[in-house]
Amino acid sequence: MSNNINMSVEIAGVRLKNPVLAASGTFGFGREYSEYFDLSLLGGISVKGLTLKPRKGNPPPRIAETPSGILNSVGLQNPGVHYFIENEIPFLRKYDTAIIANASGNTVEEYEQMVEILSDADIDAIELNLSCPNVKEGCMSFGSTAEGIVNVVKRVKKYAKKPLIVKLTPNVTDIVEIAKAAEDSGADALSLINTLLGMAIDAKTRKPILKNITGGLSGPAIKPVALRMVYQVAQNVKIPVIGMGGISNGTDAVEFLLAGASAVMVGTAGLVNPYAWIETVKGIEEYMKETNISDVKELIGGLII
Amino acid sequence: MNLIERVRKAERLSSDIYLIRIESERISSSASAGQFVNIKCPGPEVYLRRPISICSIDRSEKTIDIVFQVRGKGTRLLSDIKAGDTLDILGPLGRGFTICPEHKNILVAGGGIGIFPLLQVLKDHPAERKTALLGFRNKSAVVMEDEFNKYSTDLKIATDDGSYGIQGFVTALLQNAISEDRPDMVYICGPAIMMEQCVKLLKEKDIPCEVSMEQRMGCGMGACLVCACKTRSGSDWDYSHVCKDGPVFSGDRIIFESE
Amino acid sequence: MSNNINMSVEIAGVRLKNPVLAASGTFGFGREYSEYFDLSLLGGISVKGLTLKPRKGNPPPRIAETPSGILNSVGLQNPGVHYFIENEIPFLRKYDTAIIANASGNTVEEYEQMVEILSDADIDAIELNLSCPNVKEGCMSFGSTAEGIVNVVKRVKKYAKKPLIVKLTPNVTDIVEIAKAAEDSGADALSLINTLLGMAIDAKTRKPILKNITGGLSGPAIKPVALRMVYQVAQNVKIPVIGMGGISNGTDAVEFLLAGASAVMVGTAGLVNPYAWIETVKGIEEYMKETNISDVKELIGGLII
Amino acid sequence: MNLIERVRKAERLSSDIYLIRIESERISSSASAGQFVNIKCPGPEVYLRRPISICSIDRSEKTIDIVFQVRGKGTRLLSDIKAGDTLDILGPLGRGFTICPEHKNILVAGGGIGIFPLLQVLKDHPAERKTALLGFRNKSAVVMEDEFNKYSTDLKIATDDGSYGIQGFVTALLQNAISEDRPDMVYICGPAIMMEQCVKLLKEKDIPCEVSMEQRMGCGMGACLVCACKTRSGSDWDYSHVCKDGPVFSGDRIIFESE
């Protein structure tokens, strides 16, 4: 876009052309949105959460609208990591954007296998999802205690030949403790936040709206919680933080960068506005022009207290 | 990157059913019967878009019509739209009805708000015989009779309470229709229970059919995977996605709730 | 209002004429809103959070607007429990509504003293605030672990001659564990949720909007999280639960009752609409008429799964 | 329980300043100079009300005027309001300016959007001499000159860049004015730094003054305690609340930021 503006950032050795990534689970494997804009405009794409074997996911309804947000209970429906490697990476690699493989497991062994398999795939980084609230086993149960984090991250680290981003759940008492545990166990970067566990009820039918009863809250509603956690974590770890939660435009993204995020992800906003991802990139650029900043890295942690 | 379109006409068809005619070269030029649009309802407290079927396409006038019932916040806001207003509208989306020119005798069966996506099928289909079977709650709920009359060769209406047309459900109309005359293809849209019964009836007679499914949606384009719908997949089953794999599915692919 | 509708509920032996209470901190001591409607229309009032000595609270700005919500960092500004007893109870007692004294302390000893003092005052119940995110010492630090809860509740229980409602913070990994700890330690009822810890940043000035940097998130944005926690807790404790978080009207209140709350509190919504409290009462009544329910108690826990 | 009022007139006064005239018996009959209203801005993503001072009251026409600058989302939405629209509006709220009939010589000093609440003081005050000192950024920011002219006996305008009136700040105008002629009372509203300096100037001369404070608000009526403002309380200090104890305070009560 503009020549005198440097939008690139680096996360755990991966150079991103700009700090805006698509959040896992909201962007599929990119195919759908490639009809709306050039995927090369994005800093990166975190693909739909992958598991070792294909997963059917949870029964519908899987989405509920809430004030300035949504609840989802997809439950990691995905075609499995092997399908991804064979069928989706070749498509994504046609674009000049970082590919981040979002990986989940039911057991520590599964996490190990996922990381081993993905380490040999043509991707840029692995995002370990230790935070999905919509599946019974694994995932959030590993991510909601420091011991759980240490246990998984230390063990998968041995298999990791790609940068390891650990994605944190916000459903914890002390996010800083969890973040430090991940850092100490070998995470190369952190991403936060995943969704807040929530619920919606239809007073007319007297039933929960989601068949799964509870689901993960995302969208603008959670932005204040996300910003707070990103701020707290960025103050307390040395590894880079990828911030997300309710980002809908450039101003929101700038707030996360100021709070200490080195990059951001946009998720739910894109479900409503398919251009949210690229508008966020443009919005950051506009902010930089207005405020005479030539390098986006100057914004990172630039909060004035 | 422009999703904003102008409203040419906004009309109330019955106590809670509204029609909006939207000027859109983008949508009218590529849409087919059974596809839908995803609309940002202008107003506070409505976050997600609302999926609404395309009821009618006027390709020369470059407009599409949507017809909807006021159900909640979003559709209430939409009912306030006036001619000249603009709408933020994604589409056309999804997989529409299959129109097979070899079929000479087709039938559409719609219940309630399910009738709307069926109109364009009648308009676009080259069949000689086009039967339309429509079901409504009662007389005051009957809408678009003239349009369906115009584009069908045979129109039958049923109401739950018999206040208009025949008393009973569309399924009864369908049972009669297929026992008299075997259609080549049946297009169905309506409440899940009605679609399920119709599909069952037709299966017994081995008549192919397509159904248009509903599910709560996010993106509307296949990325977020929330709009799951149970479908047969060989001897197993899988979740397909209403917004991309559908909303129209072959009747025999759907696994209905009660199965 | 209508004769054939029974709106009354009982919380820990306190009969409420209807299940709608004003949430602490949003209703002052009732004086302001008494100019807008008859306070006797309310089931009860939880007054502004009290401490042993007067507190000045945090520096301004103390409020930020967020998507469908607000952040506040009032920090328990209040005239002290003695002032309350002398000057505010006589005013409130003119109305036929339950008075709930919301009490905080910096130390366990202060909590004990508060409960001792309030036990002799002319109030209906004590709401122990173990969840305020806006003060450095005490409060949330007691409320965010089961041990903290046990420690405070067990000790104050000895001094309690009034029903003891324990108010829980949502900023925890496992709300059920916390709730059970409170129940086991002698709580007569639970109220939840207090605010979620959040943050807002002004991209223009690059500063946090709140002088205190972080604050408590409330309003419709948090309703899904609140509903989920109330549902989880109500399934797992025997004592009554008072639900709150983003309730703005009768439908919202009905959702909380269905989820298992025996009564609800309305807070933030009233800051925007001063009639939110009484409209919520009316809204529940209308729902009951429409659905042919004559006793509001039938709604409690009436969720159909 | 009705807070809804009709807009009689909506007018743009300068590039970013708008006037709205609201028909309200409720508000106009009880409002006094310096009080404010709390307005629900009609539109998405604005949750809290917005506090705006009452600029002018017409008690016979039963209207009030508010004048505001577009600052963010809420005021942008308000700027779209048209005559005939309705607004959900709480008020009158707060403690206004003290009008002492014994005072014969008063002065109002306003900076930027701070000038608006001062107009009604001039209109209501029975003093013989009424000086108005107004500060603006530049010529194009100057608004309501005629109105202030009409209700004052002496009007002076300063602009930061000298493009209109005298070059400089209102504080300079005030310094001149009080050195020539000692007012009985001064009413001040503007940016915090301007108010602080004015109060300091006046304190030196022992001239009483009142200032109108701003703070982010919730309820607007004294219940939520968010709108804190540091005030003297004996030898100690306390947080008063702008919405109820103010927005107007005696100048000597406020502890300004830099103290």
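Going in written order, the chains are labelled A, B, C and D, and every chain counts its residues from 1.
The rule we apply is simple: a contact is a pair of C-beta atoms (placed from the backbone, for glycine too) under 8 Å apart; a residue touches a chain by one contact, two chains touch by 3 or more.
It should be emphasised that the depicted structure is a prediction, and the values quoted were computed from it without experimental measurement.
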Quick one: which chains contact chain B and chain D both?
-> none
Cα centroid separation, chain B vs chain C, in Å, comes to 47
Between chain A and chain C, the Cα-mean centres are separated in Å by 34
Length of the line joining the C-alpha centres of chain A and chain B, rounded to whole Å = 36
Spell out, as numbers or ranges, the residues of chain A touching 2 or more other chains.
-> 64, 66-69, 219-220
Hey, what residues on chain D touch two or more of the other chains?
-> 45-46
Would you identify the shape of the chain contact graph, picking one of line, ring, star, complete or other?
-> ring
Which chains touch? The pairs are A-B, A-C, B-D, C-D
Residues of chain D defined as touching chain B within the complex | 43-46
Can you list the chain D residues touching chain C in their complex?
-> 1, 40, 45-49, 90, 215-219, 221-230, 238-239, 244
Residue set of chain C touching chain A in the complex reads 64, 66-69, 71, 144-145, 171-174, 196-201, 203, 205-208, 213-214, 217, 219-225, 227-228, 231, 246, 251, 254-255, 258-259, 287, 302-305
Residues of chain C defined as touching chain D within the complex | 25-28, 31-33, 37, 48, 56-70, 72, 74, 77, 209, 219-220, 270-272, 274-275
